[in-house]
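The structures considered in this document are given below.
What follows is a pair of complexes built around subunit A, which joins subunit B in one and subunit C in the other.
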Partner chain A sequence: MAAALEVRNLSVYFQTPEGEVQAVRDLSLTVAAGEIVGLVGESGSGKSVTALAIMGLLPPSVSRTSGSALLGDRDLLALAPDRLVKARGRDISMIFQEPMTALDPLFRIGDQITETVRAHHRVSRRAAADRAIRILTDVGLPDPAARVRAYPHQLSGGMRQRVMIAIALVSEPAVLIADEPTTSLDVTVQAQILGLLAELSRAHGTAVVLITHDLGVVAETCSRVHTMYAGEIVEECSVDEALLAPKHPYTSGLIQAIPRAEKRRQPLYSIPGRVPPLTAMPSGCRFEPRCEHASESCRAAQPLERRDGRAVRCGRHGELTLPGAASGVDQ
Partner chain B sequence: MRRLLLERAVWLVPTLLLATFGVFWLIHLAPGDPAITLAGENATARQIAAIRHELGLDQPFLLQYWHWLTHAWRGNLGTSLNTREGVAGAIGHALPVTLQLVLGGLLLAAVLGTIAGIVSARRAGTSTDAAVSTLASAGAAIPSFWLGLVLISMFALGTHWFPATGSVALTSNPGQALRHLVLPSIALGVSGAAEIARQLRAVLIDILGSDHIRTLRAKGLSERRIVWLHALKGAAVPLMTIVGLQVSRFLGAAVVVEAVFGISGIGSLVVGAAQNHDYPVVEGVVVVMALIVIVVNFAVDVSYRIFDPRIR
Partner chain C sequence: MPGRGPLLSASGLEVHFKLPGESGRLRAVDGVSFEIGRSEIFGLIGESGSGKSTIARAIMCLEPINGGQVTLDGTRLDQLRGKALRRQRRRVQMVFQDPHESLDPRMTVRQAIEEPLRLGRTGSRAARRARVVDLLNRVGLDESYVGRMAYTMSGGQKQRVNIARALALEPELLVCDEAVSALDVSVRAGIINLLTSLQRELQISVLFISHDLGVVAHLADRIGVLYLGRLAEVSETESLSARPRHPYTEMLLAAEPQPRPSSHRAARAPSISGEAPSAARPPSGCRFRTRCRYAQERCVQEEPALRPLEGGALVACHRAEELELTGRRA
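This part shows the complex of A and B:
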């Protein structure tokens, strides 16, 4: 399958009062048309920064990127600003975690969709308005013909996220980056939105990068998954491989942290410790301070090793047998 | 909207009572006696006393206020102690002159302030931003009388581009009226422009960093549309608040600007009246000013509801 989006060796740096820090290091990621690829990691791993860097939405005054993000034959990271503006929303779109704040509170949702259409296509107001009603129907918003006149505060969180998806997909982009699209929604609505994304991706051949901190969400929706820790990809493989036989201790830890029905009465597991701050990254394996399998050899930098269609950044992975989701994950 | 109007109307009464009583009291405290002035140089004590009696100035202070209040309540603002002209008529002549000056200043402040605020917010942290901010600080600090004098000497006496003094009613000769309005409007409006620019900059920087603006960028809108439509509409409520505040400030500052440019508006009317203990005129002006401020506040409140659907 041809890659719809191919990110190669992406690095992101921020200028801070303490000097330049690196938030993303040498990240590569590929997603094909109609495929949903997961990017998973705890909060602070650099997932949002990765997404914003690909979209060219990081504040240019305090950030710097290197590498490339190929959308067909265009490199988004090297595109002239005016061409990048035109590519956004038409060829690559993004939806965000907070549907409460992501929409403009002062404009009717219909207008927020039609202005997107008219930013990219020379169509009449009428045609754009018809298009808005059709896409709102597609994303499952009840009574779209009346709802186009609603303001965001008149909709529930789930409805707003549907509107966000409608805005992102109205121009049928090749790629959609969804940054924690269901994190702020309750479980039932979360399942509906994930189902909708999967359905739309299949129907329109949209390549989706689904960003989440919850491997359970990946398990439900994605075919492949990239595990990200402290600005780096630490494991990349199919979702089945990741769940049944994770090779990186961090992926294994995330699997233990998936909320599960039969464990509902036990406290939720989380990996001890926290993601190191950007100013104090360990020079060897970045997971070493939190890893229960750490040994002397882990103090050295760990390269991302590729073999048999998967990749892992852990020198000890051959020696370790890590627990996966033996008892299965809620589907 | 009805409730809002009612609320405002209820506030009107105590505001007016407090303002008019305070001013009445101040005039009473001020040294000088209008009867002496009116009676002329060689008046006898008896003549002066007669005038005092005629004007009601020999009555107790509170009673005088009560008289004025009961008449004003019925719409009768009385007559000037000095000119014997009706107060309502005098205000009717002076008010349009001042209003067109205040509107001129306001227009200049709003347009200049908005543009400067947008420019510096978009280029926050750059040398352009620093330059605009410095200009704004200077604009806020320049006294309007001094600016007025400088403008007159440069653009009226020096180049004869604009008339130095006087005013023409917009309704009689719009072209001439505008020519007369340019310099006084600048003198009055510059500090307001600076204030609007400063506050709008802060508001816009905040808005431009918010999530929903990021969404607009993500969906491929041009920066121009994002700033001038979405961000500016988001800033409209605070902007209207600032502009509303400038109206009351300008009504006060108009006194000075009118004096510098020899414009006979409300400012010169009230200054002359205050010097002569002409309390009916002063009180009439106070009432009219308070009404204007209240109407402006109401308009600002209504504009909130127009701009922000969440306030309806």
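This part shows the complex of A and C:
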């Protein structure tokens, strides 16, 4: 399938008082139309910075990017500011973790949707308003004809996230980046929002990059997953491959750290240490200081090796057999 | 009369809040009864607005209660005031959700852990300091941490200090309110392990409150499921996961994202719908009926009481006997 979004060798740098630091290194990621791809990692891994860089939302005064993010034949990272503004919301959209801060509290939600419609399309107010009601119906907001007149504070967290999704998808963009879209929601609402994203992606062929810290969310929603650690992708494969037979010790560690009903009260695997600060990244494998499989050879930089449709950044992956989510579970 | 009966019991607990500008009152906790046994881990699970944190605060006597009783080892906590209350309250300590907010940034680790000892007038200065080191070791930190300031530590390290601080006065009950929810997965695993081993070593009781059923099910002996200020179900952990008896428990289990490969995963049940209504205006009859696919006329009219079923579960559902509900997808 043709790639809707193709990120190639993305690097992101920030200027800090201690000099320039690199937050994302050499990241490549491809999403096809109608596909949901996961980007998973813990805090500080660079997931959100990656999303903001693709959207061109990082402040240029303190940041710098290299590489490319191809949306069709256009490189988002090289677009002139006015063309980027036009592409955002029409061709590529983003939703965030906290819908309350992403919505404007002073405007009715109907107006916030029609604003987006009229920014990108030459349509009448009446047509834009009709479109707002239609998209709110699509995202499952109850009683949309009345709710267009509601202010964000009058809606629940789940409804606000539905409105955010409506705004993001009203122009039928080719790509949606969803950054922890369900993290602040209750679990029953999360299930509904994830189901909605999957359904809309299927129905409209939207390519979705789903950023999350939760491998459970990835397993429920995505077909492929990229695991990020300390600014780099350390593993990329299908979700089943990652869960059944992870090849990077970090991916395996994340899986082992999740409490499981079958292993009640048994000690969970806990990855020792913490993510190194950007100012003191190890020169070799970035996970090496925390990795129980580390050996002398890991002190050298590790390339992302691609084979059989999956990629892993671990020099020892050929010799290691790492536990996944099914180990200890009856087949 | 220590050693007999439950360590803590809440019965008919009511906590109401006055709503600004409205005449009604929000019944955040509306007649909740449960017991926590000695060296038992009791889990409380519920979504936002279910009253979990208010229950924790009521037990800590941080929230005045509008009805019911809180009894610790035979003593009515809710009737105590002043010095007598402080004497009892040290037996119950709490760990909060945000490790960053719950440590004073101007205190060293030693000061933070020593503070409850100092206020509790426990031992000499030298004895207190030795105790601080002992507590640090218990939570998996070494002596080098005593001079550290909170801001130099990670979330996981801070939560360990918070746990050490909560254990300083040798409480019999530890109340953990979303104590691991703000932590990264790998760090969270370490804190869960720590709580498991501390409970085993010290034989303390734990009230573990969380929105995350997976985490609660990993730790707890029994679980209470809260919905809009009332308990829907109280069951042993294993039976709650395998055979839920309340439709809301079934929905929670179905909604839980499962980090399993597709070969080990049943499809998500399509029955997850709606959102919890405001606790200020709960539905008539059964509070869950607006989202319940099994609801009948009786559920609109009559509020179900929490009652024991065969097998030991407590359930507040008129139809509990006739329903065959689905357990955790696996």
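Just so it is clear, the second predicted complex is superposed on the first by the 313 of 331 C-alpha atoms of A that agree within 3 Å, B and C clash if a C-alpha of one lies under 4 Å from a C-alpha of the other, contacts with A are read in each partner's own complex, and residues count from 1 in each chain.
In this text, a contact is a pair of C-beta atoms (placed from the backbone, for glycine too) under 8 Å apart; a residue touches a chain by one contact, two chains touch by 3 or more.
Not measured: the values here are computed from a predicted model.
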Partner chain in contact with A:Ile255 - subunit B first, subunit C second, else both or neither: second
Touching partner for A:Leu243 - first (subunit B), second (subunit C), both, neither: second
Touched partner set for A:Phe96, first subunit B, second subunit C, both or neither: first
Partner chain(s) touched by A:Leu304 [first = subunit B, second = subunit C, both, neither]: neither
First (subunit B), second (subunit C), both or neither touched by A:Val189: second
Per-residue touch tally on subunit A - higher for subunit B or for subunit C: C
In the complex with subunit B, residue positions of subunit A that touch it: 55, 57, 61, 85-90, 93-94, 96, 98, 101-107, 115-116, 119-120, 151, 153, 164, 167-168, 171
Residue ranges of subunit A in contact with subunit C within the complex: 42-43, 156-159, 186-192, 194-195, 213-220, 239-240, 243-244, 253-261, 263-265, 267-271, 274, 324-326, 329
Subunit A-touching residues of subunit C, taken from the complex the two chains share: 47-48, 154, 156, 184-190, 192-193, 196, 211-215, 217-219, 237-238, 241, 251-252, 254-265, 268, 272-276, 328, 330
Residue ranges of subunit B in contact with subunit A within the complex: 125, 210-223, 225, 230, 233-234, 307-310
